[in-house]
Amino acid sequence: MFPKNFFFGVSLSGFQFEMGGKDAVDDKSDWFLWVRDPVNISSGLVSGDLPEDGPDYWNRYKEDNEIIKDLNMNAVRIGIEWSRIFPTSTTDIDVDVKRNGDSITEVTIDKVALEKLRKRANKDAIKRYRQIMEDIKSKGLHLIVNLNHFTLPIWLHNPLEVRRYGVENSKKSGWFNSEAVVEFAKYAAVVAAEFGDLVDEWSTMNEPQVVSSLGYIQVKAGFPPAYPSFEAFVKTMVNQAQAHARAYDVIKSITSKPVGLIYSFSPVYPADSESAKAVEKAMYFQNYWFMDMITFGKIGKIFENSEEVREDMGRKLDFIGVNYYTRMVVKSVDSFPGWQVLGGYGYGCAPSSKSLDGYLTSEFGWEVYPRGLYDISKAIYDRYGLSMIVTENGIADSTDSIRSYFIVAHLKYLGKALKDGIDVKGYLHWSLIDNYEWAQGFSKKFGLVYVDLKTKKRCLRPSAIVFSKIIEERSVNKFESSVPY
Amino acid sequence: MFPKNFFFGVSLSGFQFEMGGKDAVDDKSDWFLWVRDPVNISSGLVSGDLPEDGPDYWNRYKEDNEIIKDLNMNAVRIGIEWSRIFPTSTTDIDVDVKRNGDSITEVTIDKVALEKLRKRANKDAIKRYRQIMEDIKSKGLHLIVNLNHFTLPIWLHNPLEVRRYGVENSKKSGWFNSEAVVEFAKYAAVVAAEFGDLVDEWSTMNEPQVVSSLGYIQVKAGFPPAYPSFEAFVKTMVNQAQAHARAYDVIKSITSKPVGLIYSFSPVYPADSESAKAVEKAMYFQNYWFMDMITFGKIGKIFENSEEVREDMGRKLDFIGVNYYTRMVVKSVDSFPGWQVLGGYGYGCAPSSKSLDGYLTSEFGWEVYPRGLYDISKAIYDRYGLSMIVTENGIADSTDSIRSYFIVAHLKYLGKALKDGIDVKGYLHWSLIDNYEWAQGFSKKFGLVYVDLKTKKRCLRPSAIVFSKIIEERSVNKFESSVPY
Amino acid sequence: MFPKNFFFGVSLSGFQFEMGGKDAVDDKSDWFLWVRDPVNISSGLVSGDLPEDGPDYWNRYKEDNEIIKDLNMNAVRIGIEWSRIFPTSTTDIDVDVKRNGDSITEVTIDKVALEKLRKRANKDAIKRYRQIMEDIKSKGLHLIVNLNHFTLPIWLHNPLEVRRYGVENSKKSGWFNSEAVVEFAKYAAVVAAEFGDLVDEWSTMNEPQVVSSLGYIQVKAGFPPAYPSFEAFVKTMVNQAQAHARAYDVIKSITSKPVGLIYSFSPVYPADSESAKAVEKAMYFQNYWFMDMITFGKIGKIFENSEEVREDMGRKLDFIGVNYYTRMVVKSVDSFPGWQVLGGYGYGCAPSSKSLDGYLTSEFGWEVYPRGLYDISKAIYDRYGLSMIVTENGIADSTDSIRSYFIVAHLKYLGKALKDGIDVKGYLHWSLIDNYEWAQGFSKKFGLVYVDLKTKKRCLRPSAIVFSKIIEERSVNKFESSVPY
Amino acid sequence: MFPKNFFFGVSLSGFQFEMGGKDAVDDKSDWFLWVRDPVNISSGLVSGDLPEDGPDYWNRYKEDNEIIKDLNMNAVRIGIEWSRIFPTSTTDIDVDVKRNGDSITEVTIDKVALEKLRKRANKDAIKRYRQIMEDIKSKGLHLIVNLNHFTLPIWLHNPLEVRRYGVENSKKSGWFNSEAVVEFAKYAAVVAAEFGDLVDEWSTMNEPQVVSSLGYIQVKAGFPPAYPSFEAFVKTMVNQAQAHARAYDVIKSITSKPVGLIYSFSPVYPADSESAKAVEKAMYFQNYWFMDMITFGKIGKIFENSEEVREDMGRKLDFIGVNYYTRMVVKSVDSFPGWQVLGGYGYGCAPSSKSLDGYLTSEFGWEVYPRGLYDISKAIYDRYGLSMIVTENGIADSTDSIRSYFIVAHLKYLGKALKDGIDVKGYLHWSLIDNYEWAQGFSKKFGLVYVDLKTKKRCLRPSAIVFSKIIEERSVNKFESSVPY
């Protein structure tokens, strides 16, 4: 069912896993600031939980990597924190930038600049990341490293200031400011230079559309800056696409390893027979608009299939990292933007209940919809023809009552995709251990492995053994027909 | 149980009830703008429902007033929309203002200014409000009129601009700007002059703390401007208190009728035996801080029982309008502000379920806690010694499955309050008919009377008959011991 | 909607209401014995609640009749307990009986026999029933009296003996023994002679098929003798039909008042498009088989539309008492008897939840299905052409959260029936006060009026006032469109 | 945690597993008759499912035994069907019986009688059981064989006749007739003689008190004969105890292997501080009365700790088979028998919900209460000092959402018992595959392995892998602290 060289593993990130122990705190990121703001806590925008009470991968990476190995996995994805590498600004270090209006069409970092940047970088952070990666490689694991996972250095993005003065008037407006594109390229250059010998595959960033949509549209989600603005949504999306493209160029100039991007895909289904147009629009908005920029170079006009092409943006992707959690169901509406996402399906369900279609929901209220993984993989492959890795798939399930079947069922559909010739190279479960789930804090438990946050003790959940067995057998056949959905 | 002259009736407001029919739209208020903003709708901050699809009290007031009469009631409270009376700014009309720093310590409106203001006022709006009030009086009902219920004219408050530029940089920042105090006094003067012959009791404003806390702290509630800021919370609270005091002076200079203020009270209970201090602090914050300003003239230092007294602020209240929906349960915490409101009680419950103490919850997720009405009435009376009217008490209950007992149980405790010598003069249920429930739109049904929003047809819910019977008998004795809670 | 002479009232019975106070115990019935049997209690067949802790209508009838009057009702149905009238056997008193095999084709009670029987009857019981009826009549209420409601004298039916020895070997096998038909005629004669001057309409028995099916088929319901036997089911059904016919003859020979029978009807609906045949069979079994016996004289072959006609059985019904609680949904099956009743609908739902069709369910787990009252009324009228009275309709709803709408909705459909020319003369709600609900004991609360079983204090539930208002207006129009189902 | 020679395995039985395939039907048992009786099906006493649609272990035992082996288990318990060995009566074959009144104090089966019996036995059945056992032994598994698991041959017990004529008047009254004791000894002799070379440990019978209490007290459970009678309950209990003792003697005269009995134990807990006496009484009734008979020889007076001792009954047990599913919570009551089992705990919960103490419940409505396994093991060991095997422990959990943790948690407490010196030699999970769950039919899924009843295909549930891993490691430490209860 799954070939021997298929990657089975887990995905981790920086901010959500690293802190929790001695010398592990990184207080230089926007999220670190954001989650302790008293107004945010009082308003319920964030949970009040603090990342420094986390699982401490920063110190316990050997133990965790050992668990990964023990569970028969052969791959792992980790993240690097920009704010750890550059706690202070890099804006003063000049690099060669070509601009076209507000667009950043080229960034070149010569040796001199690179050396300045490496000098500026935090030595302790680099040392620790190297130790982590060396430990991973020493265990024979395939290593995927992601450069940006939601967090930005405070010197680049201060969401409290954005709120106070408005995004247009703030100096530290993060991805809203196109200069962030340049700084990201600098950061990418340093990381590629430092860890190029250890990393098997690179990803520039994780779920850029989540950063933009939760930050600027669905502001009740509590993502910084929780500042409602369509303009900011669009601008930060375009700037992230440019940041990816410029980082792609820079990394490729340093190493020959594949460079991809991780994106949260959601297949869209019609609520009724009159919703075909709505599905098409929502699919474009949700899954294609951003990816079209960095593959076809098609830029900008969101809500319509743009024809404008930028040469400097096309063909900037070697593989696609597919994060899949659940689907969306939409119906056509007359009002802008032409579709409406229905509650009771996908992300819009009551926690620990059932969706309107009768599927179980997670403790997050997300519908378990395994078939969606097949459908979206097929759709992506048909459109882009690139190889893929499932870089995230998992469930908030503190009692581990659904996770075993969740894995079996999703792998069943992934096996079907392979059989149909869709080029998927691996499956990384989210996640190995319980983690800090952003605005939700520690309440959402995604770990195959439970973490006692007081003692930091790790303890397998049953599903870990089930996943391990599946990996060993490279097949879910043994379980398949007992799956209740 | 209830004396013959006890007021039994219902409360209505302007924005939530008036629109829905011919010539009934008022598009000049902040809320009108707010609820149709595409980003607000996309983000889920507001429902997407529009007030112009409402029950149309503007045209159907005779029918509704007739129902009130038919149900044996003898009192009604309505609201006047500032933006209807003054669709355009009144800032250019000079009145006599005394300031002390940012404080507005006196506003005097002489005859000349009053005439200018009356001329500026919208004649059609004044005519219709007069028709409504005359109809109410013709039916022998006691009339309470409230001047401000959440909404502000756009010329005074543009929440989209506040969000865009920040509250400090916005020109139309509503109650954040102390000049709003002066404008409110002008508006009060005109209304008092126009309707003084019809109104039995005045209320300046409704639930000022809800405007401030939902607008600037609990921003997920979707109240304008949904802009998190403790400073803005405090400043708008103080300015509303000043606005009340200045309006009080102005109205009293024109009519001799009682002038009160309507406030949403929530009794606070300890989670455990170590929460006494938390209860004290939360009671002060929730129920006393604002009221202390306009009774004792104690100004400003929130979170502590302030000793600073302003002569121009004290003794500005003839009666207290008590809105009561549910309670709060708190426990002590070390972190600011010293208490934490517990979920699973009061406002923090799952809809249509049960609270952690086993009480039913409404479709809003509010715990039905009838005893709280007694406790809070006693606490208010002990502190202020003023007469009270319950100006709101009701439940989102579309199937009318709880409302009958809700009324019986709350009136049981209100009867107990009367028996204990607490000076409560009336009980106005919220509300007669289903209404536009702010950011929640039409989904929350508070009406004793159902409204078909398509046809605008009214239809009694069973609880209306039960309430009517209780009014007739001035007692709930017949039902009391069958109450399941 | 409802004509002025339409009967609105309540139904009561003997065993379920009478006991609870001084001198009110009747220990001579099968049910009295049954509910205190230790094995029955241990097995969960019965609740362990005892009827002598009941509401005490025996002593409090004046108060309860007064409530009936106060609620605007104009009719009431009560029951007489056979075991009160005849605590000891009447088998030794000879009457004229014609037999044909096991069939009892005629019973004639001449004056001499009647006098002997009247002498044998318990004088105190007769006196008290007369007092109750006189009080009812003095209040201007229409009086319907039912002679048999589930209970039998122990001398006729000892369910513990039936269980011990088998129904065939037991001497006191109740309706299984055709001699019970003769004894019932004697009892009917005495009652007709004693109360003929007071009673407006007679019913011989209540829900004969419930006695047979719960006693001999659905034995988990805990009805005596809980003895599974198809033969006994059939035989007791036929004997009850004969008992009705013979009692009909006897009563008509004494008084000219209408004599009917009360039957629990359940309309049957198909689960799918292939269930038409199943519906037809189940309708016949559930609703027609018994009624066909006493109207058309068609006897016996259950599960098929029998053509055998007995002259002595036909045309023995002046009106039909319709008890309606909920519906049944069936699908066709190959196995006997050709249909299967589906769970999740009708009587087969989880308590206080929703049916598979989304209708609310009672605390008994019975689906609220108001339309069924229309459908079954129409079906009965089409088949028999007799006038009807709804003699029971109500809901186990201790919190009164559904009952108001339950009444409104059922009366809406009853109004539609009247409009369509169906001859329904009244609606008697089950019931005025909380009662002893057979094997379920006091846990199921059917009262418009709550009874504190300790103090016997009565207290209105809100729905009582709503029903009263509807009676006053002879219409549910005011409420109709607010009904949530 | 668990020693190397600890037995880990599964328990199966005959009737629940064997049928389903070619030549697998055994139509000679009481249960076979019982579950197809139309009245039983119509009444809901039984499900209507039929055992001949079962998993077909009769033909698929090799595949199933292979799965047992593959899952790292080292032990299995199976059952033999009396009615397969003796489809026709053995009463005519004389053996040497000593009687004392109704008591059977000794049964001796000499060679001649044994040969007659072996000749009478069904050769095909013996051959197939031998094949099954040889296959089990060939796989290196420890084999425990149980002789009687609920079912009796029809020639000994016809529950439909019992119902028809009463238990006292029926000739085929099963354990009610003390002659069944003699027949059981004959059956035991034959089985011991036939399979003595293959069996490692014997159990005479499974859960005798379930047969008696569900058959004669809790008759709604649908066990034959569903005939309420305390006398029959007591008599069948005593006769089963005698049957065990006589079979013990006979088996020991043939083989030297340990002979035990499997009993369903439920630890009893007090509802409050005043329930100590109730707990003592209920513990005696539920767990000790029967066991005292076959260990101490204490006979008969149930509900009191009897002092009468029968020499022929004492010391008849080599080990105790402990079946543990859940607990009981009781409170003291004045009425007989002095305690009341509370709903909302133990066996009395709503399916797939939570108990009143917050523990999860199974699809059977049984509370998951792992600590009870420790408590009852300790209580049994303290009283009897015999070695034990957990012969059943499992859960109806079709979605496998609880089973993994169910196993982990129960093994955690079993490990604690071992550590405390309690002599438990093994843990057999109920069960390997989904089975026919008596009156509940196939709706309750207890299998580690799912069975498609149409195709008979087996498919692992995830928990099977988890159990297998635990067996491999002889420890639950890896999972222990992630257990949510």
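Letters A, B, C and D name the chains as they come in the text, with residue numbers starting at 1 for each one.
Note that in this section a contact is a pair of C-beta atoms (placed from the backbone, for glycine too) under 8 Å apart; a residue touches a chain by one contact, two chains touch by 3 or more.
This is a predicted model, so every value here is computed, not measured.
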Farthest chain (mean CA position) relative to chain C: A
Interface sides of chain B and chain C: same vs different residues, half threshold: same
Distance from chain C to chain B - Cα centre to Cα centre, in angstrom: 53
Inter-chain centre distance, chain A versus chain B - centres from mean C-alpha coordinates, in Å: 45
In the complex with chain C, residue positions of chain B that touch it: 398-402, 404-405, 408, 449-450, 452, 457, 459-463, 465-466, 469, 478-482, 484
Residues on chain D engaged by chain C in the complex (per definition of touch): 37-40, 42-45, 163-166, 168-169, 217-220, 226-230, 336
